[in-house]
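Listed next: structures, encoded as C-alpha cells.
The two complexes that follow have chain A in common; it is paired with chain B in the first and with chain C in the second.
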Partner chain A sequence: MKTTMIDLKWIPRALGLGLLAFAIFGPLTNLVLWAVAEKWYFPHALPLQYGFSYWVSVFSPRGNATTSLTMSVLIACLTVIFSIGLAVPAGYALARLKLPFRGAILLVLLIPQAFPNLPVYVNIARLFYQLGLNGTVVGVVLVHVTHGLVYAVWIATAAFSAIDRELEEAARSMGASAFKTFCDVTLPIAAPGLLASAIFVFLESLDEFTGTYFVGAPDISTLPLLLYTAGSGGNYQIASITALILLVPSIAFMIVIERFLKADVLSKVGR
Partner chain B sequence: MPIPLLGLLLVMPALVIVLILFIVPLVSSITGAFAVDGLFGFANFQKAFELYSSDIVFTIVIVSLSAVLIGLLSVAIGGYLTLGSNPRAVAILRWLYRWPLFVPFIVVGQILRTFLAKNGLMNSLLMQADILTPMQTTSFLDWRGIVIAFVWKQTPFVTLLLAGAMASLDRSMIESARNLGASRLRILIEIILPQVLPTLLVGLILSFVTMMSVLSVPLMINAQSPTMITASMAFRINAYGDYGVANALGVISLLTTSLVGWVYLRQTMREHR
Partner chain C sequence: MEGYLNISHTRVRYGENEILKGIDLSVRKGEFVALLGSSGCGKTTLLRTVAGFNTPTEGTISIGGRDVTRQPPDKRGMALVFQSYALWPHMTVDQNIGYGLKLRRVEREAARQRIDEMKALLGLQALGHRKPAELSGGQRQRVALGRALAINPDILLLDEPLSNLDARIRLTVRHEISALQRRLGITAVHVTHDREEAMVMADRIVIMNGGEIAQAGTPQEVYNQPNSDFVAAFMGAENIVEIDIEVSGSSIGISEGRNNRKAVIDRGDRPLVSGPAIARFRSETVRMTAAADAASGAHRDGLVLTGQVAQVSYPGGLWRHVVHLGDTSLIVDAAARFEEGASVDITVPDTALYIFPRP
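Take a look at the complex of A and B:
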C-alpha cells in the first residue's frame, strides 16, 4: 500500500518536471538539429538528411564565421582588459575607502541598470559618427566596456567587501605598505570573484547585439550580427551553427558559476 | 595622499566612462526628442503617437505580462526548491531550471523562431503525438512568441536570485509553521514570500528594464506590426535617419521604466548606505 502512495506522488512531479524539461530542452534540441540538418522541410518532424557540409563552408578560411569569430573574441578580450582595469580600483574604493559624494557616485554607477540602453546606443552611434568611431573596433569596444563595466564594478565591490579586514590589518601591522598589502593579500583573496566578473564581461561582450548593431554594422561583423544576418536571409543552418558557437561558453559558465561565486556574492550582482 | 582623495581618484576613470558613454547620451536622447529643427517643440512626440501608439501599448502590455509570468514561475520554482519534500525532485529541478541563464537573447530569438513556427519542431512533435492535426497548427511567432522568449530567458535569472534569498532565510519559523500543520503553499505565501519580496522586486525590475531594451527578439520573432518600440526605433533610424521620432520613442520607454527604475534605485541605495 505504501509503495503505491509514493508512486502516485511521483505523477504530478514527473509531469511538472517533464513539461519544464520539454520547455527548456525542446528549443535547444531544435537548434542542434538545425545545425546538423542538410535537408529539412515541412511536414517532416525530423531532418531528412544529416551532415556537416554547412560547418565546412562556415569554417572554411574564407567563410564569414571565422572572421566574425576572430572579431568577436578580439573585441571581447579588449573589453575585458579595459573593464577589469577600471573596475578593480573602483570596486576597491567603493568597498574599502571613505568616499566623498558616495551617494552620487553609486547613483551614476546604478543608472545604466535602471534605464533601457537602446535609446543610449542610438545617441552614442550618432556621437561616434561625428567622431569617426562608427564601424571601428575602438567604437564597439567602448560601447561594450560601458555595458560590462557596471557589472564588473558591482562584482568587484562585492568580492572586496567579502574579505576579512583583519587580514589586511595584520599585514599592515607587520610593516607592509598599503599597496603591497593590496597586491599580496587583498588581490589574491578577491581573485575568484574578479575572475568570475572577467568571464561575465567576456560573455556579455561576446553576446552583445544591440550596441554592435548601431555602432559597428556593417563594417564590424561579430557572431551575433552574423547570426542575425544569416537568420534574416532564411539561412537557418548558418544561423544555428553561429548560435551553437555562442551557446557553448554560455552553458559552460552556467555550469561552473557557483564554483566562483557563492550565493551571497551572487545575490549582490546587479545591485 | 588623504584617503578620500585617493578613493575618488580610483573611482574616477570608471565614473568618467559611464558619464560620457551612458549618462551624456541618455540626456541627449531626451533633448533630441524635444528638438524640432533646432527649436524646442513636441512635434516628434506627436508623430510618435500618431504612427506608433499601438506599438507603445503593445510593448507595455507584453513586458508587463512577461514580468508577471516570470514572477509567478520563479516563486513557484524557488518555493519548490526551498520546501520540496523529495530531495531527488528538488535536485532535478535545481539542475534543470538554470539552463537558459546565460543564453544570449539573439540565440533565444533564433531557437524560438525555428521551434515555434507553424512548421516548427513544436507543432511537428504535437502532430506526431496526435495531439494536433495539421489544420490545427498555428504559428506562435507573434506577441506570444515574444512573451515566451522573455519568460524562457529571464525566469532562471529571477529564480536564481530568489532561491538564494529563500535559502538564507531562518528555517526555524518555517519548521514550526509546518509542525503546526500549515500547508506548504500557505507557508510559501504567508511566511517566505513577504521576507524575500525586496529580492523578487529587484529581479523583476532588472528583467523589466532588460526586456524594454531587447532589440533582437522582436526583430527575429515578430516581424509584423504592431511590434515592440525597440524595433520601431531601429526602423525609424535605419529607414529614415529620423532621430527625432526615435528619440521621442526612447523617452517614452525611459518614462515607462523610470517608475520601476526609481523603486530599484531607492531600494539599492538604501542597502549600500
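Take a look at the complex of A and C:
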C-alpha cells in the first residue's frame, strides 16, 4: 500500500510540468505549424498540407515583408545609434559626477513609460503632424528613442557605476588624459553593459507597434505593422512567419545577456 | 629643506573636514620615504594629493622646482601603485605594463624590450598573455609595480601595496621592493600602517597623526628618540606609568611613588621640566628580577617598578608577563619565567625610557 502511495506522487508534478510546458511551447508550436501550413481549417487538429510557398511569397520582391524588415532594421539601428549616443555621456555623468537631483533625473526618464501609451502617442502624432514629421523615418526613430532611452540610460549608468574609480585613476597616473582614459579604460570595461543596453533598445524598437502606428502608418511599414495587418486580415501564415522573424533577435539577445552582462552591473541598475 | 619633491604648508579638506592640516615635507632625489600612521591620519590623502587626485586648498607641491599644485595627475610624471592594484581587467599583463609606454608613443620594438625587461625584473616572464583575473595576489602586485616602473617615473608612489598580500609573501616582497628601489635609484613615497614595514623599507619615516606630521626621521631616530607620547606609543612603547620628575642640571630625579622606587637618571637631551610626567617603555627592553628589599638611596641604573605577575604566556623566544602595578598593568618580556602572583622588580634602563610631560 505504502509503495503505491509513493508511486502516485509523481502524477500532480508531471501534470504541473506538462501544463507549464504546454503554456510555454503550445503557442510557439502553433506559430511554427502555421508558418509551414499550406492548408489548415476546422475541424482538423493538424494542417492538411505542409509547404513553404508562403515563405516564398513573403520574401518575394512583391511581398511587403522584405521592405518592412529592411525598414524595421533601419529604424532599429538608427534608434540604437541615437539612444546610445545620448546614453553614454548621460550615463557617465550620472554615474561619476556629483549631480544634484541624480535620482530625479533617472526618474524623469521613466515618465514616457509611466503614462498610458495611447494618449502619449496620439499627442506625439498631433505634434509631429504640425512639424511635418508624421510618416517619416526620423519621426518614428524619435518616438522609439523616447521609449528606448530609459533602458539605455539606466543600464549605461549601471555599467559605468560598476567600474572601480581606481582603474581610471591608474590610467591618469600613467599619463593618460581624461578623454584617453575614457576611451582606453572606461569604455572597454563598460562595453558589455553598453552592448546589452544597445541590444535591448534594438529589440524594443523592433517590437514597437503603437508609436509606429500613430506616427508612421501608412507611409512607414515595419514588421509589427505588417504582422498586425496580416493577422487582422486572417492571413495566419504571413502573421506567423513575421512573428518567427521577430523571434530571432530576441533569442540572440538572451544569449548575449547571458554571456556578457555580469551580476555586478545588473545589481547597479537604477541606483 | 631643498629636496626634489617639496610639499609646503599643504592643507586639504573634504567638505567640512580638514584632512591635512598644513604639511611640510621635502623628499630628496632617490630617497625612500614612508608615510606611517593609523587609518584616518591623512597619509593616503597626502599621497593622493601628491599624485594629483586631491587639490590642496592651501600650499604648494613642487617637483624639481616645478610647481605642480594645479596640474592634473597625467602631467606630473609620477606613477601611483594602488592598494587594490587597479589592474585593467580587459588587458593582458603585457598590455597593462606597456600602457604607459603606448601613451608615450614608444616605438613598438623598444616597448617590447622594456616590457620584457620589467617582466624579467619582477619574475613575470611566463605570464605576459594572462589577464589580471588569472593571476595570484602576489603576481598582480608585481604587475602593478611593473606597470608603474615601466615608464621610469620621476617619483614612485606606493599606497599600501603590500596590505592585500599574505603575511609570508609580504615579508619577502618588502625586501624586493626596497632592493629594486635602491638599484633603480627611484624617489619613492610609500604609505603604510605597518610599523615594521616602514622600518624595514624606508630611508626616512614620516609619522602622521590627525592630518599633521608627528615626527619625521630615520627609522633609528623615530624608534629610539620619539619626540612625543603619540610617536612613542605608535613605535611600540606601549607600557605606560605615571611618575613625578624633578629636573636638575644634567640629571632627572624620579621621586618615589606607589609603584616605583626613587631613581636618578641622565637627562640626556630630553626637553623636560619638573612636574608630573608619564614614562613609556617597550616590553622587551626591561630587566625583571624577584622583588628585593628597598635599598636605601636612589637607583642609578634606571627606573625600578614594583609589581605582581598576573599572567604568564609563551609567544616564543621570551616569556610574556602581565604585571599589575596597582591599577595599571604592564606587559613585560623576560628570558626567565616568573610564576603568577610573584612579586617582581622591573628595571627600565635609562636609555629605554621615554619621558613626556603628563597632559
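One rule holds in what follows: the second predicted complex is superposed on the first by the 242 of 271 C-alpha atoms of A that agree within 3 Å, B and C clash if a C-alpha of one lies under 4 Å from a C-alpha of the other, contacts with A are read in each partner's own complex, and residues count from 1 in each chain.
Rule of thumb we're sticking to: a contact is a pair of C-beta atoms (placed from the backbone, for glycine too) under 8 Å apart; a residue touches a chain by one contact, two chains touch by 3 or more.
Just so it is clear, the model here is predicted, and its values are computed rather than measured.
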When chain B and chain C are modelled together on chain A, clash or fit: fit
Chain C versus chain B, contacts on chain A by residue: B
Partner chain(s) touched by A:Val58 [first = chain B, second = chain C, both, neither]: neither
Partner chain(s) touched by A:Ile241 [first = chain B, second = chain C, both, neither]: neither
Touching partner for A:Arg172 - first (chain B), second (chain C), both, neither: second
Contacts of A:Ala190 with chain B and chain C, given as first, second, both or neither: neither
Which of chain B and chain C A:Val140 touches, first, second, both or neither: neither
Which of chain B and chain C A:Val122 touches, first, second, both or neither: first
Partner chain in contact with A:Ala21 - chain B first, chain C second, else both or neither: first
After superposition on chain A, the shortest CA separation from chain B to chain C (Å): 13
Residues of chain A at both interfaces, chain B in one complex, chain C in the other: none
Of chain A, residues touching chain C in the complex: 164, 166-167, 169-178, 180, 184-185, 188-189
Residue numbers on chain C that touch chain A, as the complex places them: 51-53, 72-74, 77-80, 82, 84, 86-90, 99-100, 103-104, 147-148, 151, 157
In the complex, chain A residues that touch chain B: 9, 13, 17, 20-21, 23-31, 33-34, 41-46, 86-87, 89-90, 92-94, 97-101, 103, 105-124, 126-127, 142-143, 145-146, 149-150, 153, 203, 206-207, 209-210, 213-214, 224, 227-228, 231-232, 236, 239-240, 243, 246-247, 250-251, 253-254, 257, 263-264, 266-267, 270-271
Complex contact set, residues of chain B against chain A: 3-4, 6-8, 10-11, 13-15, 17-19, 21-23, 25-26, 28-29, 32, 86, 89, 92-93, 96-107, 109-115, 119-122, 124-125, 127-128, 134, 152, 160-161, 164-165, 167-168, 199, 202, 205-206, 209, 212-216, 219-220, 230, 233-234, 237, 243, 246-247, 249-251, 253-254, 257-258, 261-262, 264-265, 268-269, 271-273
